[in-house]
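Scrolling down, you'll hit the structures one after another.
What follows is chain A paired twice: with chain B in the first complex and chain C in the second.
For the complex of A and B:
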């Protein structure tokens, strides 16, 4: 710290318009309404229009679907980590379970995607929750390590027992009837997931209990509430999001295989959450919007892309751990000035 | 007989892989998920110094160990020190660094052709009716020697005692004038050197591949979790348990199941007894 900085500090104050829009004055004029709605409309409208704008570039339309799948996982990770207090590093497990269920239902029973995707979402989430149930009493690092091991173990077991097509995977899964169904199904799921979970946490009783479990589980327990039930509910919600993504992924690539348990699905959502800002549920979506295109651009360089986003992740976690979303919110709502001490 | 001999070799191999990880965790409560990357890096540096710079085998090994120690210390000093005490950030950051190193190597270094280090001594011998190559015997010998040296170091030198003090009670150690951050750097450097030493004795048995990094990390985590994080006796006992379990599964079930055993061991241990066989953590801290 240099000498001139020593006797002054940065003061942050809410902008007048922010204070006005907090209360009933939000609808007093178009200026306030615009201030309040602009960021939300920008995000929702931008995501909904993106496939239309990118329609001359089919490759990048596909990238939007991939972004949405990662965003679903990242929202699930953020929800579990910052509102339920379970850091789950096993994103690949949810994707894999969802993908395999959808592929099996489709190739064995001949169900169309319209049925396999909801079925994979609910049954997949049920299976994931049941499998994670014994680990739910674990905390922090221990849960993180266990959840990191689940996708690895699942892939090894499928390989060892030669289950579901073994290393070849399940081929011949039918695709979506139209690319537009695929894109809008995923984009709406992301938006609904993010905003519904925000509403759930901020307005519903169950959200209060979730945050209680994260902050002080013993106090929640002392209030006569079963923590494991709520943790299981949290895992169910997060894994449902992941399984939904996985089911869509298997229909997009018309294939389900071992690579859907891969590390990519565990590490990108975490990186996106850290970059975008944890605890906001919108931040992870922003993070995916930034990281996944970077990773697509670097696809020609092979595994270098994993190295690149690992470095981005480390940089953010060390130097800017609040993430883009919280930083942007602060700039949008507050002004800063130097104050002499 | 075969099972016993190869079980011992495999167990010592696992113990070697886990040694550095358990040392770092024991001293500074830092789960160093970049462990596997440091392991591969040592092997790669040695290969580079030998084949590209043309140094003798011994010199390149020593130089590679020193470089790995410096990298380990740098990782701690530049990155991990800023997020001490946030276990989840520590895991994510160290894992990301490891990932960056490994995938960077896969992209820029370890590609095209095979990379091998020569065994220290060529050939094989018959031991109690089982054919064992000399390198595996050296692994067992060096593993035992390394453990002994480490034990002497921890119990006999000022630095070692300071590390032990940190491991037992960080605050008490600080009141006695032990600099916690400097000790953590030292532990990280030492842990990296141990990972490197394991790499140098184990790589001559196969070739240097990036996957070894992930494999070593899983094995180190398995051994440390089963033995109890931060416990030395536990780690060695767990290495023997998992080592023999693996040899038995390979013999009776097939090679595919080797990693399954380790992963199942982690999950079952964490569910049944999260503090491990010899863990000193309190039950309440880790589960509700």
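For the complex of A and C:
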């Protein structure tokens, strides 16, 4: 019998440097500044340099773009689920709407990607928000079920009524002028979206209203604030990110079609948020950086990918349900030790 | 009476399935009054508050506030008119510090127009206004209480936080759903003068209560509900002498005799 084990427990304490960097004194020495900046620089620099480092492997450069598209969706999912309280499975719908709008503007009106992408982002988000408006009073799992219906329904409608080229989709969409525009547009979008939303949630008063809607919508209504407005605003932000990704996707593949309403776009962002850590907005990006390459490597195995996904997800939920981001933050900021009781 | 009622309820009925929670309820509240509403459990007190504030839709009848028919309006619109409520089960944002809880109501259109309690029509920095309101209703600034996370606060402070959320809107009326329940005797003792102060500030109060002693000290008028009906109304002494009220609280003598 281990008597020692009964007499001690694990204690978690903030690291000294974490405490020193809490206040304004952090800028008094390079050590503290480095401690604060290192993780941010690592993420931003890593993402910005990735296409350059991978330049000998054009296939993996393309994967970076796909990762970024999934990351946009995952940031939107994390924002809606953890700060507005809407669990949205409509990722595939956002991508499809963005892709079709960009493709139509490009092939019908001849607009270049420079105009189609912003237009698809804003009009697409407007369309998504208007269509989701009737479901906004729903909460929790009910909203999730209804939102999953949208991508499925859109694909079937296009198929049945032969809209926008039907099952063939819209061909002959022009590509990006340079592959570097494509990569850096997407990577900067991901970084701006993640950091801007973090700032909105943590530092702005409107962020507290969003969190209030998630925590306690009745109290927000009793405070004289229309919660539907804020839910709609949340859906607009999340769907704008998705439509941006979708518009880029249609220009990357030079085609818009039914497969852009695929359920992958609804499911992988959720998996990425679980793996990376929900409620952090950076975690979902990390999750995509792990899951999307795995999915590419396993492409040869066809649907077996799903089984691997299931194992990874189950592993994370059982063993590290907090996700990578929260785990890493804790290790970075705190240390553990055994104390005698 | 020469004064116009600020809030009028006319013939409100509400049933949940087969249960009649409110039947043809009438109610009048005059500006500056404190109206107490008492009644046994399940008599429809909270439903009445929910119907007036729009959280539950009425089956029949009208709610008139400041001369306007607000029956079945959306809750946020009713709050925007200046008719606010507290919740019996406190609903703070548990993960936020107490003063950050008030940022949400201070962000509302009404608070922007009015500047919040004592704001004088101008809304300053929301953080400052929030801490000011909290200090006025008994969160001692020196002891760091306004900055503590809501989940770490005891019931007494959470009940005050509910009131503070209403005050941030600079309300005309507050419907208080059991602000005394769950409080210790000393917490209650300090809550009574606070309610008196709100009355002196010109805020009309409707208090749904189980604590009769504290309520009778405050209320000008008391209304008694039982099974969704008003059984008595008047000053506290009048009400307590009422036969039906005694029966509702203690049971009827005939009924008891019948069982024995």
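Basically, the second predicted complex is superposed on the first by the 333 of 341 C-alpha atoms of A that agree within 3 Å, B and C clash if a C-alpha of one lies under 4 Å from a C-alpha of the other, contacts with A are read in each partner's own complex, and residues count from 1 in each chain.
The rule is short, and it goes like this: contacts are C-beta pairs under 8 Å (C-beta built on N, C-alpha and C of every residue); 3 or more make two chains touch, one makes a residue touch a chain.
Note that the structure is predicted; figures quoted are calculated from it, not measured.
J.: Regarding the shared-chain residue A:227, is it in contact with chain B (first), chain C (second), both, or neither?
T.: Once the two structures are laid over each other on A, A:227 reaches both partners.
J.: For the three-chain arrangement built by superposition, which of chain B and chain C touches the greater number of chain A residues?
T.: B
J.: Where does A:270 make contact in the superposed view: on chain B (first), on chain C (second), on both, or on neither?
T.: first
J.: Report for A:317: first if it touches chain B alone, second if chain C alone, otherwise both or neither.
T.: first
J.: Counting only touches as set out at the top, which of chain B and chain C does A:157 meet: first, second, both, neither?
T.: In the superposed model, A:157 contacts chain B only, not chain C.
J.: According to the stated criteria, A:208 is in contact with first (chain B), second (chain C), both, or neither; which is it?
T.: second
J.: Using the touch definition from the top, say if A:141 reaches chain B (first), chain C (second), both or neither.
T.: Only chain B is touched by A:141; chain C is not.
J.: Taking the stated contact definition, name every residue in chain A that is touched by chain B in one complex and by chain C in the other, in rising order.
T.: In the superposed arrangement, which is not itself an observed complex, chain A uses residues 218, 221, 227 for both chain B and chain C.
J.: Show me the residue ranges of chain C that touch chain A in the complex, using the header's touch definition.
T.: 53, 55, 74-77, 79-80, 84-85, 87, 91-96, 100, 103-111, 126, 165-166, 168-169
J.: Show me the residue ranges of chain A that touch chain B in the complex, using the header's touch definition.
T.: 81, 87, 89, 134-135, 137-142, 144-146, 149-150, 152-153, 156-157, 159-160, 217-218, 221, 227-228, 263, 267, 270-271, 274, 301-304, 306-308, 310-311, 313-314, 317-318, 321
J.: Which stretch or stretches of chain B touch chain A in the complex?
T.: The contact residues of chain B facing chain A are 31, 79, 82-83, 87-89, 91-93, 95-97, 99-101, 103-104, 106-108, 218, 221, 225, 254, 256-257, 259-260, 263-264, 266-267, 270-271, 274, 285-288.
J.: List the residues on chain A that touch chain C in their complex, please.
T.: Going through chain A, the ones touching chain C are 205-206, 208-209, 211-212, 215-216, 218-227.
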